[in-house]
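Letters are used for the chains, namely A, B, C and D, taken in the order the chains are written, and counting of residues starts over at 1 for each.
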Amino acid sequence: MIDKQVKTTAEAVAGVRDGSTVLVAGFGAVGVADNLLEALHEQGARELTIVANNSGNGDYGLARLISSGRVRKVICSFPRSGDYSAFLNAYRAKSLELELLPQGTISERMRCHAAGLGGFFSPVSAGTKLGEGKETREIDGRLHVFEKPLKGDVALIKANKADRWGNLSYIKSARNFNPVMAMAADLTVVEVDQMVELGEMDPEAVVTPSIFVDRVVVVGASA
Amino acid sequence: MTPEPLNREQMAWRAAQDLREGDYVNLGIGIPTLAASYVPPGREVIFHSENGILGMGPKPAPGKEDPYMVDAGKNLTTLVAGGCFVHHADAFLMIRGGHLDVSLLGAFEVSETGDLANWTTEDPAFPPGVGGAMDLAVGARAIRVIMEHTSKKGEPRILKACTYPLTAAGCVKRIYTNLAVIDVTPQGLIVLELIPGMTLEKLQELTEPRLQLSPDWKVLAPPAAPKARAA
Amino acid sequence: MIDKQVKTTAEAVAGVRDGSTVLVAGFGAVGVADNLLEALHEQGARELTIVANNSGNGDYGLARLISSGRVRKVICSFPRSGDYSAFLNAYRAKSLELELLPQGTISERMRCHAAGLGGFFSPVSAGTKLGEGKETREIDGRLHVFEKPLKGDVALIKANKADRWGNLSYIKSARNFNPVMAMAADLTVVEVDQMVELGEMDPEAVVTPSIFVDRVVVVGASA
Amino acid sequence: MTPEPLNREQMAWRAAQDLREGDYVNLGIGIPTLAASYVPPGREVIFHSENGILGMGPKPAPGKEDPYMVDAGKNLTTLVAGGCFVHHADAFLMIRGGHLDVSLLGAFEVSETGDLANWTTEDPAFPPGVGGAMDLAVGARAIRVIMEHTSKKGEPRILKACTYPLTAAGCVKRIYTNLAVIDVTPQGLIVLELIPGMTLEKLQELTEPRLQLSPDWKVLAPPAAPKARAA
């Protein structure tokens, strides 16, 4: 019987290697797998590249990974969000690297990897400082830059419900990056509020089909 | 008499008047967000938030806050009947693919050819942030800007060429300032509206590139205290 | 008040011009907007390019458009499906052109247009007859072909429910190409089994958000 | 005694034995589709259909047919508990993006380097059709083929180089025929199993490229009438 549920967040993040690229879903503080981030801190992996929209808040989750010196690089669109002092300190100390990308470029590059494509041309950032150094091409009279697929070794996902196969649903705007990141990593690990029986989720309303999910752990409800 | 510049609510009110029934609209962080409250009563405009909400409503009433409902500025918001949720790649497909009718953005600077600078002032003390600004400046059918006409020091922010790094080139089609409404056209900057007491000459002193007054120009006179829609 | 509902299928397809590219959703006979296709036949547009997975069945819908000589070109993945005699006759008479594309390339090229991108590199068809003439590039040691966005002037969509804004839901495997095609045309026209009140559809389960839809007509239930 | 070749059900049965618990599998039209019925009891395998079904079940029981449920061959099918529906772009994202563990395909020809030809025989009387064949041949983690070992005329279909146009180059990893199970490896074609009475020498006569017998080779002996799972 397929059962992707594991008992603890420690089991959920077991095996993450030093140097991994970790996709950290969420938007601000909403839809972030904070329990998995804490477990990853305990687990101890270092030299991580984090892909996220923001750069962590307060002294927990992603912020804690950063302040503990586990993060080598952050790829994000908007580091200045909430109390991002952990990131700011590391940024000023030049102890981590920031790669700034437009928000839609981050999500599309991950979707591109998930879809098995080799890259795409996008008009976003063409002719700007963020497009510098990228291959350009004029298509239908408009300048485009070439964007490569972006892949995670691990994705840390926050969902509401899961079943034992790993089908997922989310709550409202806590969906955000979660479904895209769930598709784009070699190992997709999910913390959920609750498990439901197989067949209980509406097959028309599954947002992340089970094929993208590797491990699920129940952590109870939170935003 | 020195003309009295519009306040933030009045600027947002003015921009909201141009939103048509049925428009799909993304509102940038700051003054643009206020525009949602000033859509004329009875006019249905559908607001998009880049974090995956289509059909975003007003701020929640006290006691009705939902931690799962945030807007692009991470402020609490609501969903209207007919709204729905999508993931980030689909939210930006809507933006980049030209599905939005209007993107209403804040700006540091706009050039006479519609270049937009609104993502970084290159402050070395802080990391830059771009968020969805470049996506929004590229994708919507109409890109409009709401901004103070000048900097706090009184220097023009409508320039021959932007001094800050560009968000996108040649994208802005209309500018709402606290002094005027200006269209960016292939023939240059056309002033459509001026606040009471403002003249083209005075406005030109506060604007770097050459302005032209539309023959059909109007007085820009929002209500003194525009009435916001109830939550 | 926004109301995208029109009264008749004739109103729904009004204004389709000669030479248009028409996206015809469906897979085999499932999830096809046959009523809109019939209305398009009545409407009379000629020299059409059809994008579909198959090539029509029997003597109705797409098959009728073809046998009436309205179709200049068919872009599809699998013309040989069901009773495709209308297509076969035209194909043998060389009265229409066939452009054969892999099924996933058709859907991805439409999604590419919908997403505002300028094209993508795909490993599918690289090194084969269907990849001939396409720009190639080796990416991570694998040959790719460059695929351009594919756009419709009109999309003919079959859904189950709609509200007055144009939010759509589908039934089971009748979903197929419909959501992708709905995103990829200048004018998206939908036939539905029924209208529901605004707010009645679950906001977590809307498959095609209203932003992609222009006109909706009720035709009653059918597969 | 002439060895008795496997029938279609037996070939499908053999391929099904290699599907592991938890595998996500796409079954091509024809013999591969039959494999779903022969997964060993108690083993959960999740079937994908490129028209947007993940978790496809067996053929519907009489009276339970649902016109909204068709498989890639447009035959009526069912959904199992845990299954769900996606649109075409997402269904092919699953295929192309390497999310499927196994793609089990039919073939006209396979080359000794794993080139696959299964989409067109270039019959001038009929239009060609490719469907999802090229996507499936490129995307899954393991591409396996089920095919008759020879053509109806007895000519080899496992060739040094395919004569029909390729679906994809170098993609096939395992071949199930009515005579043998063969792996395509960097060292060449390795015969893993042979039907009773078959020898490497006899099989080589029916195969163009050179075959090697695995030191661990086994007898390929499916049940005479494999028991299909109930609907």
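Going forward, contacts are C-beta pairs under 8 Å (C-beta built on N, C-alpha and C of every residue); 3 or more make two chains touch, one makes a residue touch a chain.
On a predicted model such as this, the values are computed, not experimentally measured, just so you know.
K.L.:
Using the touch definition from the top, how many steps at minimum link chain A to chain C?
P.N.:
Minimum step count, chain A to chain C: 1.
K.L.:
Moving step by step between touching chains, how few steps can get you from chain B to chain D?
P.N.:
2
K.L.:
Counting only Cα atoms for the centres, state how far chain A is from chain D in Å.
P.N.:
35
K.L.:
Where the CA atoms of chain A average out and where those of chain B average out, how many Å apart are those spots?
P.N.:
Whole-Å distance between the two chain centres: 30.
K.L.:
Find every residue in chain C that makes contact with two or more other chains and list them.
P.N.:
Where chain C meets two or more other chains at a single residue, that happens at 108, 111, 115-117, 122-123, 170-172, 203-204, 207.
K.L.:
Using the touch rule from the top of the page, what residues of chain D touch 2 or more other chains?
P.N.:
79, 85-86, 89, 92, 95-96, 138-139
K.L.:
Show me, using the given definition of touch, all chain pairs that touch one another.
P.N.:
Final set of chain pairs in contact is A-B, A-C, A-D, B-C, C-D.
K.L.:
Can you tell me which positions in chain B touch chain C when the two form their complex?
P.N.:
For this pair, the touching residues of chain B are 21-22, 24, 42, 44, 46, 48, 54-55, 79, 81-86, 90, 92-100, 138-139.
K.L.:
Which of the residues in chain D come into contact with chain C in the complex?
P.N.:
Those in contact with chain C are residues 49-53, 66-70, 74, 79, 85-89, 91-92, 95-96, 120, 125-135, 138-139, 165-169.
K.L.:
Quick check on the complex: what are the chain A residues that touch chain C?
P.N.:
Residue positions touching the partner: 108, 112, 115-123, 137, 139-140, 142, 144, 169-172, 202-205, 207.
K.L.:
Using the touch rule from the top, collect the residues of chain A that touch chain B in their complex.
P.N.:
For chain A paired with chain B, touching residues are 27-30, 55, 77-82, 87-88, 91-92, 98, 100-105, 107-108, 110-111, 122-125, 127-130, 170-180, 207, 223.
K.L.:
What residues of chain C sit close enough to touch chain B in their complex?
P.N.:
1-2, 111, 113-117, 163-165, 167, 183, 198-199, 201, 203-204, 206, 209-212
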